[in-house]
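In the two assemblies presented below, chain A is common to both, partnered first by chain B and then by chain C.
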Partner chain A sequence: MSNPATEAPVEDAAPVQTHKVFKHKRHVNGKFVIGATMLSLIILFAIFGPMIAEFEPRDSDNPVLIPPDSTYWLGTTSLGYDMFSQLATGARTSLMVGAVAGLIAVVLSIMFGVVAGYVGGVTDELLTLAIGVMLVIPGLPLTIVISSLVPGRSGLLVAVILGITGWAGSAVVLRAQAQSLRNRDYVSASRIAGENPFRVIGVEILPNLLPLLTGQFLFGVILAILGEAGLSYLGLGPTGSISWGTILNEAQAGGALTRGAWWWFVPPGLMVALVGCSLALINFAVDEIINPKLRSAPLEARRLRKAKKAAKAEKKAAKAHKKTEVNA
Partner chain B sequence: MSHASTSAQSPEHRPQSGGGSLEFRNVVKEYKVRGAQRTIRAVNDVSFTLSPGKTIALVGESGSGKSTIAKTILQLERPTSGEVLIDGKAVPRRGSALKRYRKDVQMVFQDPFASLNPFHTIEHHLERPIRLHGATSPGQSVHERVLELLERVNLKPAEDIVGRRPHELSGGQRQRVAIARALAPGSRFLIADEPVSMLDVSIRLGVLNLLARLQREENLGVLYITHDLATARHFSDEIMVMYRGDVVERGPSDEVILNPQHEYTKTLLAAAPDPDKLGSMRDEVRASLAASDS
Partner chain C sequence: MRYVGRRLVIYAVTLWAAISLNFLLPRMLPGDPASIMIAKMSRNGDVTEAQLESIRRLFGNPDTSLWDQYLQYWQQLFKGDLGVSVSFYPTPVVELIGSALPWSIGLVGMATIISFTVGVGAGMFAGWKRGTWVDHIVPSTTLLQSLPYFWVAMVLIYFFAVQNQWFPIIGGYNVFMFGGPEWSWAFVGSVLYHAILPATTIVISSVGGWLLGMRNMMVSTMGEDYVTTAEAKGLKKRRIMTTYAARNAVLPSVAGFGVALGFVVGGFVVMETVFSYPGIGKLMITAVRGNDYALMQGVFLVITLTVLVAMFITDMIYGLIDPRARQNV
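Presenting the complex of A and B:
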């Protein structure tokens, strides 16, 4: 490895050692495992939660503001809605909005960023201008304006609104990447072979951007879920459907905080945080896979620590040895 | 061509049209310097003609304009003035006519690690040019043609190679794949931009011999770009020496090497290691060391 001086030289020279290091590097990424497990649990909850819920999410025949117990697993709201059922139904809307908005944002950032970077010239100037404008316009106010203009918003429409307002940042990064990729020899080679520009972008460039696109998609999903929650909290979310954001909005309107009804606002808030956390963990893992430097950083730190410890112990031993010598 | 030496009177040099040649006529390429009101002239009024079955070596140091010439021939760059002609006609700039030109003129890149897309299999790299230009013999499937190409460049067993990705091959193997790709459309002219400079010394000769054999068998016109005068002499009929965008000397290979006219060519030749001189140099060093010891 890079720091043989601090390591026992014999160990370092042996080929077995390199094999060990290699194996270690292929080790399953812990962040990915935790993030993916969390995310799949949440998705499973969104799929099966509404099925196993005993009450309809809008069933107001239940007693009001009951803390969690064996019948009402997560308590009830001030209108007698069952929180578990509300949370599970809300998960479907929130995740759908996140996924759709993330997808739209990725597609738009490819259309603007990659095309601008690859084509260059006047096209680049125009597309970069569009990206710049979208980047400068503050996202949330624009979202608010658009969603307040549209009456009767469905979850899908909110997703589209969030998607078309949240792609500019990714587009900037993709443009820079595409600019660097377009001068690679293999891209020149496929142009020389006679491929048309669409195929060069789609088949030669995009696959090499896949790790980056994955990261951007995950980031887009986080942003959209947070954005949806924010919009709903302000009363500008999807009308008529339940999401984590609308639950929070109702909790605020129903005075959950002042009445001490923590079971009303903690679960949806926690769910938003957990989804964000799981996606961020997966994103970090993807980053480490793209950039091997990040991957070996903790390993290097550990090696350094170990080496320091070993040096200290050696010093101590030497001191002790000296002492015994003197005593003798 | 004020710098051209007396040896510039080779038959290839005279402007000729038709006869299935690729002609580079009075090409100038200037690059704008960003943020300044001046330009850099990368290629200054260069003319030559590439004929089938002939190899021209383009020799010069880094930055002398060799690669710009390659890019201009392959229409990756547009010349500032002058033109590139194929079979006596100007090279089309776009559309299906440009695609037909691409079928005729192909390139082997310097770095086989960069010229193959890490994401795709070897089959993809060879299959695309075949499909794009319909370059199969009658009754032959694309896959059969891919295997045939791999065998032509001595990559055997071909069935084993097609499914691999570039990182699973060695540098020499990759360069062979790149050569197979350049041949795939059924090309007539090959631009080889320092095809062996990134390879291990031990496999350079193998790849160069392969290029020479293919050139003979397919009657290709080859532009061999290099900074290695020894291989230039061995593998080409004519040598052009470039210095800072100008062709300073050109002529039949042996003549340029054995009887260099221009100062720059002489410098290049002097810089190349000579095994005999190396021996005497070693003796000198040893003698001086022995002298200082005693």
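Presenting the complex of A and C:
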């Protein structure tokens, strides 16, 4: 919203000003709005979808492999499951696993990254080593190995596994940032004032890392949702529950590809992509807050180009004016 | 030199930790996984002596101490003995991995190189054209990145192998024409033909990351004083873009590329499964489905080792191309 108090004088001054005065507008980030709207819609779908679905997700009394129509909004599978109901129930599992895993990953990356960066010394060396080890060990294969060794897996367990294997990347980022914050004056001041390290980290460091943490959390959620989908596709996801990954697994096994049942395998993948996209858009907005260069540089370039264009137009106008004068 | 030495120590410890984790993981599980496993397998038929041996090897012989098992594990590792596969009995695990490796490295390696080249090139352009219409296209690349890559594979199969039968649905070569890998032009042609869809999958799902990273670095670099100086000197635009901005902006991408090469072997496990591509990923899934723990451990070890080696080499080269990295170890 623009403020009328600042707007009015600008309009008045417009004809004579040589230097453009920029209106103080509260900057609403378009990417954030789109991302947040998409995410809210998906979450609403996960909450209310299973309630408004007319059929149970595992109700196999329906006709088999029907394309989407007015009764079966997203068609049915080869076992007669209603796809809409499956997709909505799957949304709950997938989003839950993603959120929990993302949270675990962020907490672990704070425990390792921020502490290593802030404390320094031998603690830093040891924690960095631990981060390095987790960074090198490839996440998905490790998750596959762990999942295959655990016979009965709940959704929560899969989330924990994904969280434990997916924190190292953010820990590296957080460590670098914590290291640079450590030597700021206000942090030194509170340390000298005798605050204990936990309080310094909690009150002085973490709030300043908040935008970064948000970004890492969103990234962790995307990674976990993709990971869960991959695991479930391989048949190593949560046992007995429905998620977007298990739908893809059943679609592959049920020959959805060769039987042309696109409504069976397209929606779940698209949902994963939409969640990822919405989180990535929010992440973009957060990135632009952290790194003002990303925001200001394109703006500046645009401004420069506009100015050049205006100068050119002015020149042209002046020339045309001269010409008409001469002609006259 | 101090830089190299320090990194070497870190990598040596990481290597030790990774191998030890591989040893400990099956033994750390709660309950008595060995007997659960045997019970599970005997439900599906008789448990062979080979399978029992493989399980004992994995979860440890209850008669010996953990430390003795650990020493024995290292001994076997040094001899290059990763055990015998159960699902392909009696083929040694090393042999199976050896025959699957070239497929993964060839396919994913080539696709990664293509994706890197295209992504970084496009990212350079997008960064150069900052503040124009290109800015609005950049966020859409995140949609590409958010696509589950194995789902991209399924969609590609549906459109280009089932609906229009332009490409084969599965496999690494035509198994009806060739009994096994051989050196002939026809075979190479068949391999390339079978590699198109899997490679496209990889490029689609990874090109966005390269583009975005390069674009953001490019935008930051374009704001540096030396770029302004170059502009003030009146250098050609092309020269500023390539030798001044892009050359510096590409450094993090090069590091990322090194790491990505490390994930060539184990990064696209699920994609290989979708295409039944005869690489390491499919081998791993075969092992998981067949309760073939020796094979699984071996594959996991190879995947970890590749990442480790790739990261180490990247680290060393990065120290050479970016002297700043050497200073703040």
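FYI, the second predicted complex is superposed on the first by the 284 of 328 C-alpha atoms of A that agree within 3 Å, B and C clash if a C-alpha of one lies under 4 Å from a C-alpha of the other, contacts with A are read in each partner's own complex, and residues count from 1 in each chain.
Just so it is clear, a residue touches a chain if its C-beta (ideal position, glycine included) is under 8 Å from a C-beta of that chain, and two chains touch if they have at least 3 such contacts.
For clarity, every value in this text was computed on a predicted model and none was experimentally measured.
Looking at the shared chain after the overlay, A:184 reaches chain B, while chain C stays out of its contact range. With both complexes placed on chain A, chain A has more residues touched by C than by the other of chain B and chain C. After overlaying the two complexes on the shared chain, residue contacts for A:142 are found with chain C alone; chain B is out of touch. By the touch criterion defined above, A:239 lies against neither chain B nor chain C after alignment on the C-alpha atoms of chain A. Within the superposed three-chain model, A:207 lies in touch with chain B and out of touch with chain C [touch as defined at top]. In the superposition on chain A, A:193 makes contact with chain B only, while chain C stays out of contact range.
The residues of chain A shared by its contacts with chain B and with chain C come to none at all. By the touch criterion given at the top, residues 74, 76, 98-99, 102-103, 106-107, 109-111, 114-120, 128-129, 132-133, 178, 181, 184-185 of chain B touch chain A in their complex. Of all the residues in chain C, the ones that touch chain A in their complex are 10, 13-14, 17-18, 21, 25-26, 29, 33, 36, 40, 130-132, 135, 139, 142-143, 145-148, 150-152, 154-155, 157-158, 162-163, 169, 216, 219-220, 222-223, 263, 266-267, 269-270, 273-274, 284-285, 288-289, 296-297, 299-300, 303-304, 307-308, 311. Those residues of chain A that touch chain B in the shared complex are 184-186, 188-195, 203-204, 207-208. On the chain A side of its complex with chain C, the touching residues are 31, 129, 132-133, 135-138, 140-142, 144-146, 148-151, 222, 226, 229-230, 233-236, 248, 251-252, 257-258, 260, 262, 265-266, 268-269, 272-277, 279-281, 284, 287, 291, 293-294, 297-305.
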